[in-house]
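Sending over a structure as structure tokens; questions will come in a sec.
Naming follows writing order (A, B, C and D), and every chain is counted from residue 1.
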Amino acid sequence: MVIVMESIATEEQIQKIIDLLTRKGFDAHRSTGATRTIIGAVGSDAGALDPRDFQLMEGVREVLRITEPWKLAGRVFRPEGSVIAAGAARGSAQVSFGGPEVVVVAGPCAVESEEQIRKVAASVRRSGARVLRGGAFKPRTSPYSFQGLGEEGLRLLRAAADEQKMLVISEVMDATQIDVAAKYVDILQVGARNMQNFTFLRELGKASLPVLLKRGLSATLEEWLLSAEYIMAGGNHAVILCERGIRTFERYTRNTMDISAIPVIHKLSHLPIVADPSHGTGLRDKVAPMARAAVAAGADGLLIEVHHDPDNARSDGAQSLHPEQFAELIGQLKVILPAVGRRLA
Amino acid sequence: MVIVMESIATEEQIQKIIDLLTRKGFDAHRSTGATRTIIGAVGSDAGALDPRDFQLMEGVREVLRITEPWKLAGRVFRPEGSVIAAGAARGSAQVSFGGPEVVVVAGPCAVESEEQIRKVAASVRRSGARVLRGGAFKPRTSPYSFQGLGEEGLRLLRAAADEQKMLVISEVMDATQIDVAAKYVDILQVGARNMQNFTFLRELGKASLPVLLKRGLSATLEEWLLSAEYIMAGGNHAVILCERGIRTFERYTRNTMDISAIPVIHKLSHLPIVADPSHGTGLRDKVAPMARAAVAAGADGLLIEVHHDPDNARSDGAQSLHPEQFAELIGQLKVILPAVGRRLA
Amino acid sequence: MVIVMESIATEEQIQKIIDLLTRKGFDAHRSTGATRTIIGAVGSDAGALDPRDFQLMEGVREVLRITEPWKLAGRVFRPEGSVIAAGAARGSAQVSFGGPEVVVVAGPCAVESEEQIRKVAASVRRSGARVLRGGAFKPRTSPYSFQGLGEEGLRLLRAAADEQKMLVISEVMDATQIDVAAKYVDILQVGARNMQNFTFLRELGKASLPVLLKRGLSATLEEWLLSAEYIMAGGNHAVILCERGIRTFERYTRNTMDISAIPVIHKLSHLPIVADPSHGTGLRDKVAPMARAAVAAGADGLLIEVHHDPDNARSDGAQSLHPEQFAELIGQLKVILPAVGRRLA
Amino acid sequence: MVIVMESIATEEQIQKIIDLLTRKGFDAHRSTGATRTIIGAVGSDAGALDPRDFQLMEGVREVLRITEPWKLAGRVFRPEGSVIAAGAARGSAQVSFGGPEVVVVAGPCAVESEEQIRKVAASVRRSGARVLRGGAFKPRTSPYSFQGLGEEGLRLLRAAADEQKMLVISEVMDATQIDVAAKYVDILQVGARNMQNFTFLRELGKASLPVLLKRGLSATLEEWLLSAEYIMAGGNHAVILCERGIRTFERYTRNTMDISAIPVIHKLSHLPIVADPSHGTGLRDKVAPMARAAVAAGADGLLIEVHHDPDNARSDGAQSLHPEQFAELIGQLKVILPAVGRRLA
């Protein structure tokens, strides 16, 4: 933490700040320049200081907070980057996130029936997807909307994936669903609205499966990494971040995909980051442009909603690609990938 | 839902829209004007239509969504407004939210010790608070911060409140904490980060205690009321809304209190709304101005953090009032209340 | 500026930072703690350093920027606060902003006719307004909307105000309108969309009339004060700030009034701040609650749109009070003002 | 405009709405369904209705506004898309925006000296840029920052461009600078902060040069297109849109580039859209990823800041590429372009 004094701050006011810092166990470093004094607080536990305590003191112009000390999630912790392998725990074919290969995850928004999920699985596998997605537990803004098939959905998802030698990812909405999901999936997905559900994050830290952590609708990158830190602090270091659009003033698209989060996260953290242009835009005809953009910006993977009959999908059909649109997109990605030194998984 | 066609839309394109609406079981009402055609979809289950399905069709300029059909939370459901009584379940003295009296809830951010909570309780009761607040389960952005005393905190809180004949409110963070909290508190508090934790909201719908539901950091009023609807749809109609500041671009204050939410909620919903200027601003010297503003705008109550020794509080000391500041604020409120035809509870 | 190094930063990386700072003419103060090193740059011209130059260097974790050095607008420049008198230049009755009296400015959104402005002026004066507002040059988002009566509007405004012994405020949209407006008004108003029209601000710095500077729709308080600084740096220190609502995700109200800006500006700056609940909410029935809130939070004045026949107003009728609503509001304000130690001007 | 009535609205309330619409000269179309009535207003001048007038009436649940009727800027006006040629007016080599070729504009943030601009021009031309950029009039948030070389800067820019057979683009900050800039440049640039400077936009409508219109920091796409409409309504149809980042809660990057604006604008409007990843991110190492992303998403061009010695640039050096980074980026773009069926201009 750094405290910037007003140019007219008195010596007494400065001393009071230094005394308080010292009392709290910090080293206070004073820098006096031509126009003002700044005081740096350096200690082993910066999180223990609340900048606002100092902001309220006399003679203080502003207090600059040093970013919360995420430790495990920071790039410094593993400068070479993390490669997170999924599938090993269940004996599935392994797929790695964060290596030279870009992984495509595809499937319907929600698992609706055996026929549906088998059809979609076969089609996306043919085009190049390695992981099958599909919602069984659905978070819905309205209590009156379709809430998913539950465990039966997971069972269907697993069966369809096994048939195609694919991995499975599906969303869990709270701690009570982790065990049941773990029977079927290779990767646990955490939705945007749960990004700061801290008791849940702590439970995920005890899970033995990789976790795909979606960014909250208005979360900063710092908050996102701190949520990853919660999971990692519990012992589970296999966290894959997923950019899925943030809330902005624009209403034409459902959300605004923050493509720049991709290179920024790569600088701040060693964790892989994938992009979900289906939720990120909410509109089918925007999915391909944003998927191409994400890969061109360096994404480690993509989550794409695909449905064999989007017009009759039970949720989010409007953002699901037709299978042939998905195939065409994969073709475009193959052109782009060499520009960033990557290839398709 | 209303579909606005492009001025150059063809008759065939218009007909396709109408066909799709009819197929989905809706009445399609066509209005053709000098410049364009608009099509209204009226049915009993508007939530079943996804506007984006139409937005992607040829000839469509834009699709206007009619607000999600919250039912129980809407003003229409109870035009005279709800008065929510707390305390009855436990035989505590009753306090009502939404009636002619404005209720003041006060107490420390976190329960730290018996001495602390007893001191604060005595002091805020003397000034005019009727309900005691205090965190036992603390949601923290960083996994390395103080996480609260848990059930022991609740016990201390209850004892201090009983001594002062006050009611108790405290935050629960997930479904597993509801039962234990219900042993001690009169009102269950749901934090901003849990506003869209839908599985949790559903559980709260089964609780027999009133729920104070804080607004999410970037939630719209529509989303907030839909979250209230989740609780109410489960059978628990005793929901008190709490404005606690939203995220904006401003960094000087921690959040930006949306005072206008107070009169707007009063128009949209019959539920009472209280304000939390402590979290809403994050800075002690801004608490009193914003508390006065909230009451002047028609708030049904206030949540104020008070600590007998804020400089040594274990969390959020910077936003806690000194007891004498709290007393002074109550004095100011007594001047303001007659201007809105209210009195202190 | 303060540079926070990574915990693993090398001595060489630290030295490079210090060298660059020194080369740019700054004192570099190094503070080394248990976990990391931070480097403070203190000099007389902090604006000359671009934090991003350092953010890109090896071993740097983050760079904290010290707030831009506004000088004239800062509280430090005049700790006792500024009282800005308007009217003197034209021999009008004087009204002061920032003193013990709260000033009410009222009138229609746009001047429409002699009859309209005379009627409104008489009515608001009777209720307690001291300054008459009315747009003659109207900024409109669409090129096809009513753009105001221009100079003729100013003439009518002045005449109506003189008749009632009121002062006049009206908006100017660019430098070419300053001279013509100065013939008629006592205070020049700058609209939200022009808050960062820097060439315009510079011209206003040469004007001899007070300037009421509205806050931009998504401006931070820092940016707002820097815009005030532009005017003040040109020699015109008579700047009145006006909070008029910021853009947030909420769509029910046109804007979200940031009531907390009032106490925060009072801490950061010596300039008076008034509130415009008409634009701040955009809805007539929200104007009174927000006007009361602004005054309860310490506003130095109010701008209220009033129209004798809002249903037939040529612009913004929906946010204009009926004269009797305005009178009722003034009555409520008189109850509230003593709570903040103020009285009506 | 569409008015949605409450389910309990009375026949009398509905009739009042219809009467008001009729009185204002609109056709009112009533659609009555099982749960509620909606009323559509169709007329030739929708802009003349203020939705809020109806929002305040009894029995109204909500009012849906049909998007402002931009006419000239809408895709409908020219479904095949506009190709805007620059350079013709001055006899410069022509470059077209919006055709099969993607145009790269490059150069320093500000023109600093003859040597600087000549060096940069030669280098970016060699790599593939066709248009030279460089600021002569600089908008600065602080009045104390470097404000540009003015007309001398334009002269140097033109000379350097002529030497390399390049076109010139430079920013103008108000109407008074249009004529002087027109002597030197091929394209007039309007900055983000001037996007809603309506008197200025009207003047640009009379100019005979293409205008590159940057998106405002918190502007919606609708507002942006309405600003383009202002220019086009004045007679100048040669408008090129430029996405340059919007303000979000993220602080790590200066702005958040809204890549999705590219495909959305292509759907809503016939105007070409280019991207400015230098301002869009504010950080050199994020420029290349975002430039690749923009092109992969379908951008018609790029604006890239390049400086031969960024560390000593007088402004925005931190977001300027080194010439060799720029060359490398162009190489990557050449790989990506075929994926979107485009080639470099």
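In this section, a residue touches a chain if its C-beta (ideal position, glycine included) is under 8 Å from a C-beta of that chain, and two chains touch if they have at least 3 such contacts.
This structure is a prediction, so every number in the text was calculated from the model and none was measured.
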> Which chain pair shares more contacting C-beta pairs: A-C, or A-D?
Replying inline: A-D
>> Using C-alpha centres only, name the chain that sits farthest from chain D.
In response: B
>> Averaging over Cα atoms per chain, report the distance between chain C and chain D in Å.
In response: 27
> How many Å are there between the centre of chain A and the centre of chain D, using C-alpha atoms for each centre?
Replying inline: 30
> Per the centroid of Cα atoms for each chain, what is the distance between chain A and chain C, given in Å?
Replying inline: 38
> chain C: which residues touch two or more other chains?
Replying inline: 69, 218, 247, 249, 251, 285
> Which bits of chain D are touching chain A when the two form their complex?
Replying inline: 218, 220-222, 246, 248-253, 256-264, 267-268, 280-281, 285-286, 289-290, 292-298, 332-333, 335-336, 338-340
> Inside the complex, what are the residues of chain D that reach chain B?
Replying inline: 2, 4, 6-8, 27, 29-38, 40, 42-44, 46, 61-62, 64-67, 69, 76, 247, 249, 251
>> So in the complex, the part of chain B that touches chain A is made up of which residues?
In response: 47, 50, 52-53, 55-56, 68-70, 139-145, 173-176, 193-194, 196-202, 217-218, 223, 226, 229-230, 233, 247, 254, 282-285, 311, 315-319
